[in-house]
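Pasting the structures in now, so scroll down.
Note that chain A is present in both complexes that follow, paired respectively with chain B and with chain C.
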Partner chain A sequence: MSTRLTTGGQRIDRSKPVTFTFNGTTLKGYEGDTLASALLANDRMMMGRSFKYHRPRGVVASGTEEPNALLGIGSGGRFEPNQRATMQEVFEGLEAQSQNHWPSLAFDIGEVNAKLSRFLPAGFYYKTFLWPRAFWKHVYEPFIRQSAGLGKAPKDRDADTYEHYYHFTDVLVIGGGLAGLTAALAAAKGGAKVTVMEQEAHWGGRAPVDDGAAEEVAALVAELEGMETVTLRLRCMGAGVYDHGYVLGYERLTDHLAVKSGPRHRLWRIRAGQVVTATGAIERPLSFAGNDVPGVMLASAVRDYVAHFGISVGDRTVVVTNNDDAYLTALALVGAGLSVPAILDARQGGGGALADQAKAKGIRVLNGHGIAKVQGRKRVTGVAICKQVGEGAVIEEIACDAVAMSGGWSPVVHLWSHCGGKLIWDDAQAMFRPDPNRPPTGADGTGFVSVAGAANGLLDLSDALPDAAQTGAMAASFVTGKASGDIALTDRKPRGDRPIEPVWLMPASAKRALRAKSWLDYQNDVKVTDVQLAAQEGFESVEHAKRYTTLGMATDQGKLSNINGLAILSGALDTPIPQVGTTTFRPPFTPISMGAIAGPARAEVFQPLRRSPIHAWHEAHGADFEPVGQWRRPYTYLRSGEDRHTAVAREINQTRNALGLLDASTLGKLIVKGPDAGRFMDMLYTNMMSTLKPGFCRYGLMCSENGFLMDDGVVARWDEDTFLCHTTTGGADRIHAHMEEWLQTEWWDWKVWVVNATEQYAQIAVVGPQARSVLEKLGATDIGNEAFPFMTFQDHTLAGIRARVYRISFSGELSYEIAVPASQGLALWEALMQAGAEHDVMPYGTEGLHVMRAEKGFIMIGDETDGTVIPQDLGLGWAISKKKTDYIGKRAQERSDMTRPDRWKLVGLETLDGSVLPDGAYALADGHNANGQRNVQGRVTSTYHSPTLGRGIAMGLVLNGPERMGETVQFNKVDGSSVAARIVNPVFYDKENTKNV
Partner chain B sequence: MSDPVSALAGKVSEGPVRIEDLAPRAMITVRGKLSDTAITEALASVSGLAMPGQRGIAAEGEKRLAWMGPDEALLILPRAGLDAALSGLTEKLGSAHALVADMSDARALFRLTGEDAALRDTIAKVAPVDMMRFPTGEIRRTRLAQIAGAFWMPQEGTVELVCFRSVAQYAFDLLSQAAVGPRVF
Partner chain C sequence: MLILTCPCCGVTAEETEFHGGGEAHLTREGPGSDDAALEGYLFHRENPRGVHFERWRHVYGCGKWFHAARDTATLEWFGFYPAQTSEPPEALLEQIRQKRPGWRWRDFA
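Up next is the complex of A and B:
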């Protein structure tokens, strides 16, 4: 059993016990424990069940690479699934639950899958659920979904907050082990501003355990802390490296605290001149039968638990290895008074200096041996040992309750690789390591990432630290342009290891029965036989084999399994490992919280909400808002007892009969000025704008280069050199950018300036037969139809406010749009409401606006247009100048598809029964197309109930529509039936324009 | 004429960093090549400030003159000086190719005050700018989380910040939220 030793544990404070719960049971740990170490102290070796076969799984690692011990942490608004017990620090009151089991961790019904593993090989789902087709949706998928997935999704709103932080540094060191700290010191001494991020809660990486270097680490940290130019961050992971030295750091601020205040996570958005990845290395498991039984752990983890936390994972631990490192574990265990019945060294020649030390301690060392099979199911009970070279004939059985394995070390090359750094296969060390000649390159073609320490394949500190110092100094030099000096390093001698011998399968010629129990990917249940089957079935590319077998596709992204898996693939394909290559390393390094990505974007600042200067008034007067771009515009103003439909009808009737007000402030207002402004306007709009006289307005259409109608609006010529272009609400920024693009890239020599003055003005439409009288009441004089005709503008002072009044109409009524500085908008609105009270003035919303324009047959960008419609489709030929030699879109409109006579054209539509046509309904034609779909001959573009006419009205694009006036066409309905509508003129109301006078 | 109203009518958020929506000022955008001395001289003459160089902003009392791009300047003055400045600029610019636009109401203007480091932390949470090294006398047109904005530091411990009027509430909420919580540096 696993237990807490009476002494030892560098990280724990035995004077500070903490209690926490695991699956509802209260357990004790100490401050400084990780959840994994605290569970081990309570003999909870088994921490979860695997994904596919629901096999019992125990913790295997002590750090970020842990694939098995994934737990749900917290509850309610602070519940989060899939957290690694090895990275979660315990605190008073922590709640943890194991996952992926039913009904309990100890007894799980899904374990039956393991019995069927013979029938669940790689690609099982692909092969099985192909047929019959209909079963996928109704039978297979619901079943698979129910049993799939690790952990549960949180159900409550996240109780925490998150933040972003933009940080700039000359040199960013990712990894605070001895190599990272050494590189940082060298860089800082070289004059660079340095930032060091360490994902764990402690500095030093493996050095305090493996090299007894705790004091050296502390001294180095103290020196760095004393430097003003150095920023040190613990619990801060380098999550991803991107182009141009952009790096994401993920800092966990409160995950380790019992009392949480302030943001939970901080996402560091960093621009670094140079990045040094000192990310260390991850120990590889060995592939032998039963290597997933709880109690089989990485050798480094076993000694971490002893050294950091005073934890014995078992009384008797068998060590199995192919390199010298695991001897450290044996020595640490024996040093702690525990028993190591044997060290199985797969190498014929055995180990070096450390092996000699182990033998001197009296530990039994068996060279050329390995594990044939682990005994036990929920816990190791023993191992059967065999010769490494054979098929696994059992020589001896050794009783033990833990196995410490080491298959060598894989440098953590993820961050080096994220942005294109390449790897080389180091045959002597059996590892991929960064190729110093092919780093990720910046805009200038030079590398911006370098690598230090074990991440660089330098596993011995006597090599790693001089290299790290040099790397740090060079990174500083790159940024500062100055040479950096040397820093003093502790003199170290090489450890005297004998070289590793790669062992990808134990024993080397293991029979199928053994291979089928040799796990590569613990989290996704991928075995040696699965990868071999994939190869046999033709999945030669490592990327394909990965997806077919799901090797490395779990939440740990194959930190333990990738190299072992591709080595098996390499063997099965008879292709050398470097030719097989690795799968792609993508950010983030380990999963980061969704909250950290969102940062501040939640609740009231989830998205910017644009408010007009009159917004607060709308809110106070029953406005039922709708989003228009990021604006919120009143759709209608609800009075008590009204629904939307009645409110809209009331607003329209009152406007048509007396007076209505519309807040039109959101419309785009672009000022275009210069000697070439007229010429520029002629190119932007399809109509002739340069002939417009100052003081006059003209409705204009704007097309894209491809000829499609993209915006419309009224243009006013303010003076000889100056035009004001009204755009649609959603078009303001887009059309501004469109203008700037043409001015900056094509017509850079034209003398034209553009300013987006949308937000400078509040604009209020005063609409209806009483519009003139209310303006007069507010002080406007001489504004009769003759003195102030339609499509002109004048400056007036209204209610003491200087205003520019445009006589334009989008409703067919007498109408003025009044522009005033935004700071006066509310004052004018209130003055108009007061002055119009005698006419029972009503504000109307966007729906009233839409219905009234449709009653008049005016098109709406986004309804009648959808990016495929040209003005000619909409009967707007009158707004296309025949005189101009060019305008944007002109040539495109001459293409054959644009001029073909059978393009669908705009018409009005009236249902015979007066009902409202469904939005987007199709006009049905005879027969079916090649896909068995009903042929169509048109579609509805806008459709409303017209309160003015008391019936449904619609506009639509119909084949040869304008020539088919009076004809009846069937339109489809959602319920499968159809409705008849007559093709009519799109102007439904006041065809003679008698009202706008 | 009613008294002009700022977007948030003088709203204030108190805390380690105080955030205040300032009363309306005159803000005039001038588009024109700043390499053209006719334009820079007109700006200098009307503002009484020397036209600053790239990314620069000149300040004196309530007056600001900012470089907004190679062909754009922003002049900020006390509100009472608006009409005189507009006519003065038009007159001084004469026939020079320039666009003078009254943008006094297009933006919200905030002042943030507090301990200098706290202030820099606050901005660094929302804008991709190196606040550790951001000098006084410089203006940065940038992004404030999801909106466009610009800011400058008239002196240590003070930030002045503008954004479009319609998103003033978003900017205020965003900054108020960023101003609380543990210090990063």
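Up next is the complex of A and C:
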């Protein structure tokens, strides 16, 4: 069993006990414990179950690479799933829950999957869930959904806050181990502004445990802390390295605290002149049968738990290795009074100086040996040992309750690789390490990332530290342009290791039964046999094999499994490892919280909110708002007891019969001015705009260069040089940019200027039979139909406010749109409301606007258009100039696809039963297409209940529609049935235009 | 995230302050152009691994469009220049030829 030793543990404070809960049970730990070490102290070796087979899994590592010990932490608004127990520090009152089991961690129904593992091979889903088609919806998908996912998503709103932090530094050192600190000191002494980030809560990396260098680390940190140009951050991970020296840091501020205050996480958005990745190395597991049984751990983790936390993971630990490092574990365990029954060294020649020390301590060392099989299910009970070279014939069984394994070290090359740094295969050390000649390059084409320490493949401090000092000094020189001096280093001798011998499978010729229990990826349950099967089935690319087997696709992104997996693939393909290559390293290094990514951008500050000058009045008068771009516009104004439908009908009826007001301030207002304005307008619009006389208005269409209709609106010519272009509310900024683009990049010699004046004017539509009388009441004179005709504008003073009045209509009613300076908008609105009171004036919202335009057959950008529709489809040929030689989109509208006769065209649609057609419904045609889908001949683009006509009305695009007036077509409904509608003229109301006079 | 320098206002800023506009120096094909020319203008874009001429707009700054030359593989900028031209400046071309021997303007093979 795993226990707390009575002495030892550099990181824990035995005078400060803390209590926490695990699956509801209260347990004890000490301040300084990680959740993993505290659970081990309470003999909770099993911390989770695997994803696919639900196998019992214990903690295997002691750091960020942990694949198994994923727990749900906290509760309510502070619950977060999939947190690594090895990275979570314990605090008083911490709540932790295990995941991926039912009904309990100890007894799990899903474990039956493990018994079926023979029938759940690589690519199982792809092979099995192909047919029959109907099974997808009712059988396969529910099954996969139920099995999918490790932890449960939080249900409550996140109770914490998060922040972003912008940071600029000359040299950013990622990793606060001895190499990183050394590089940082050299860079700082070279005159650079330096930032050091360490993802763990402690400085020094492995050096305090493996090299007894705790004091040296403390001295280095103290020296760096004393320098003004140095910023040091613990619990801050370098999450990703991006283009041109952009780096994201992820700082965990309160995850280790019992009392939370301030932001929980801080996302550092860093621009660094040079980046030094001193990210260390991760120990690899060995692939032997049963290497996932709780109690089998990385050798480095076993000695970390002893040295840092005074934890014995077992009374009797068998050490198995292919390199000298694991001997440190045996020595540490024996030093703590624990038993190491044997060290199994797969190398025939055995180890070097450390091996000699182990033998001198009386530890039994068996060279050329390995593990044939681990015994035990929920906990190691022993190992069967064999010769490494054979098939796994058992020589001897050794009783033990823990196994410490080491398959060598893989440099953490992720951050080097994120932005394009390349790797080389180091055959002697059996590792990929950064190729110093092919670093990620910055804006000037030179490298901006360098590597120090174990991340650079230098596993011995006597090599790593001089290299780190030089790397730091060079990084500083790159930025400052000055030479850096040397720093003093402690004199170190090489440790005297014998070289590693790669062991990708233990034993080397293991039989299938053993290989099928040799795990590569613990979290996703990928075994040696799965990768071999993938290779056999032709998934030769490492990227394909990864996706087929899911190797390295779990939340740990294969930190333990990738190299072992591609070595197995390499063996199966008979292709050398460097040719097989690695999969792509993508940021973040480990998962970061969504909250940190969002930072403060949530709720009301997620996006800027734009308000019309009359917004406050709308709010005070029952406006039911809808978002239109970044604006909020009243959908309708609810009176007490009304629903939306009733309110909309009331507003429309009152507008058509008497008087309505619309706040049209959000509509785009772009001023186009200059000697060449007319020429430019002729290019922008399909119509001839240059012939428009000052004082007159014209409805215009704007197309993209691809010919598709992108915006519409009324253009008013203010004077010879000046046009005002009304755009849709959502189109103002886009159309402004469109105009600027053409002016700046194509017709840059034309004398035209464009200004977006949308927010400078409030605009109010006064609509209905009483519109003229209310304007007269406010002081307008001589505005009869002849003095002030349709599609003209005039300046008037209304209620004492200078106003530009456009006689234009989007409802078919007599209508004036009145533009005043934004600051006068509310005053005019209130004056209109007061003057219109005798006609029971009502404000109407966007839905009333939409219904009334549809009753008149006017198109709406975004309803009748979707980026594939040209004006000719919408019966708008009358708005396309035949005289002009060119306009944007003209040539594209001559393409064969645009002129083919069977394009769907705009028509009106009336259901026979008066009901409202479903939005987006398709007009059904006979037969089925090659995919077995029903053929279609059109679709609904706008559909409403018309209170004016008392029935459903719709517009749609239908094959040969305009030639099929009166024909009945079936439209599909969501429930599978269909509804009949007649093809009619899209103008439903006042076809003779009798009202707008 | 790239860092760009706007040749109009001189500001050096992050990519989020700008907006990319695709390949530079296209020739507009209007009425009268043949189908192949129109197709090339509307739909075909070069996507070289190496030197590329691009359009950018300093959209959250001075608002001006400009051109840039970039190595798409190494992300190195060779230079930024105003949009009001139909060809890259000769000095820039010469600088690129120095850094990429054998490279030729509009030779995408």
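As a working rule, the second predicted complex is superposed on the first by the 875 of 997 C-alpha atoms of A that agree within 3 Å, B and C clash if a C-alpha of one lies under 4 Å from a C-alpha of the other, contacts with A are read in each partner's own complex, and residues count from 1 in each chain.
In this section, a residue touches a chain if its C-beta (ideal position, glycine included) is under 8 Å from a C-beta of that chain, and two chains touch if they have at least 3 such contacts.
Source: prediction; values computed, not measured.
**Q** Chain B or chain C: which reaches more residues on chain A?
**A** After superposition, B is the partner touching more of chain A.
**Q** Does the superposition put A:Asp886 against chain B (first), chain C (second), both, or neither?
**A** A:Asp886 contacts chain C only, not chain B.
**Q** Which holds for A:Leu609: it touches chain B only (first), chain C only (second), both, or neither?
**A** Only chain B is touched by A:Leu609; chain C is not.
**Q** Looking at the overlay, does A:Glu391 come into contact with chain B only (first), chain C only (second), both, or neither?
**A** Neither partner.
**Q** I'd like to know which partner A:Asn706 touches here: chain B for first, chain C for second, both or neither.
**A** In the superposition, A:Asn706 contacts chain C only.
**Q** Quick one: classify A:Gly442 as touching chain B (first), chain C (second), both or neither.
**A** A:Gly442 contacts chain C only, not chain B.
**Q** First (chain B), second (chain C), both or neither: which does A:Asp866 touch?
**A** Neither: A:Asp866 stays clear of chain B and chain C.
**Q** Scan A:Asp13 for contacts with chain B and chain C and give back first, second, both or neither.
**A** neither
**Q** Just chain B (first), just chain C (second), both, or neither: which does A:Gly800 touch?
**A** Once the two structures are laid over each other on A, A:Gly800 reaches chain B alone.
**Q** Which residues would you name on chain A as touching chain B in one complex and chain C in the other?
**A** 271
**Q** Considering only the defined contacts, which chain C positions touch chain A in the complex?
**A** Residues 1-3, 14-15, 21, 28-33, 35, 38, 42, 55, 57, 59, 63-65, 71, 74-77, 83-84, 99.
**Q** Which residues of chain A touch chain C in their complex?
**A** Per the touch definition, chain A meets chain C at residues 242-246, 271, 420, 441-445, 705-706, 737, 740-741, 744-746, 748, 885-886, 890-892, 894-895.
**Q** Across the complex, what residues on chain B touch chain A?
**A** 1-2, 4-7, 24, 29, 31-32, 71, 97-99, 101-107, 121, 124-133, 145-147, 164-170, 173-174, 177-178, 181-182, 184-185
**Q** What does chain A use to touch chain B in their complex?
**A** 161, 163-168, 231, 253, 262-263, 266, 269, 271, 599-601, 604-605, 607-613, 630-631, 671, 673-675, 722, 751, 753-755, 757-761, 800-802, 821-824, 826-827
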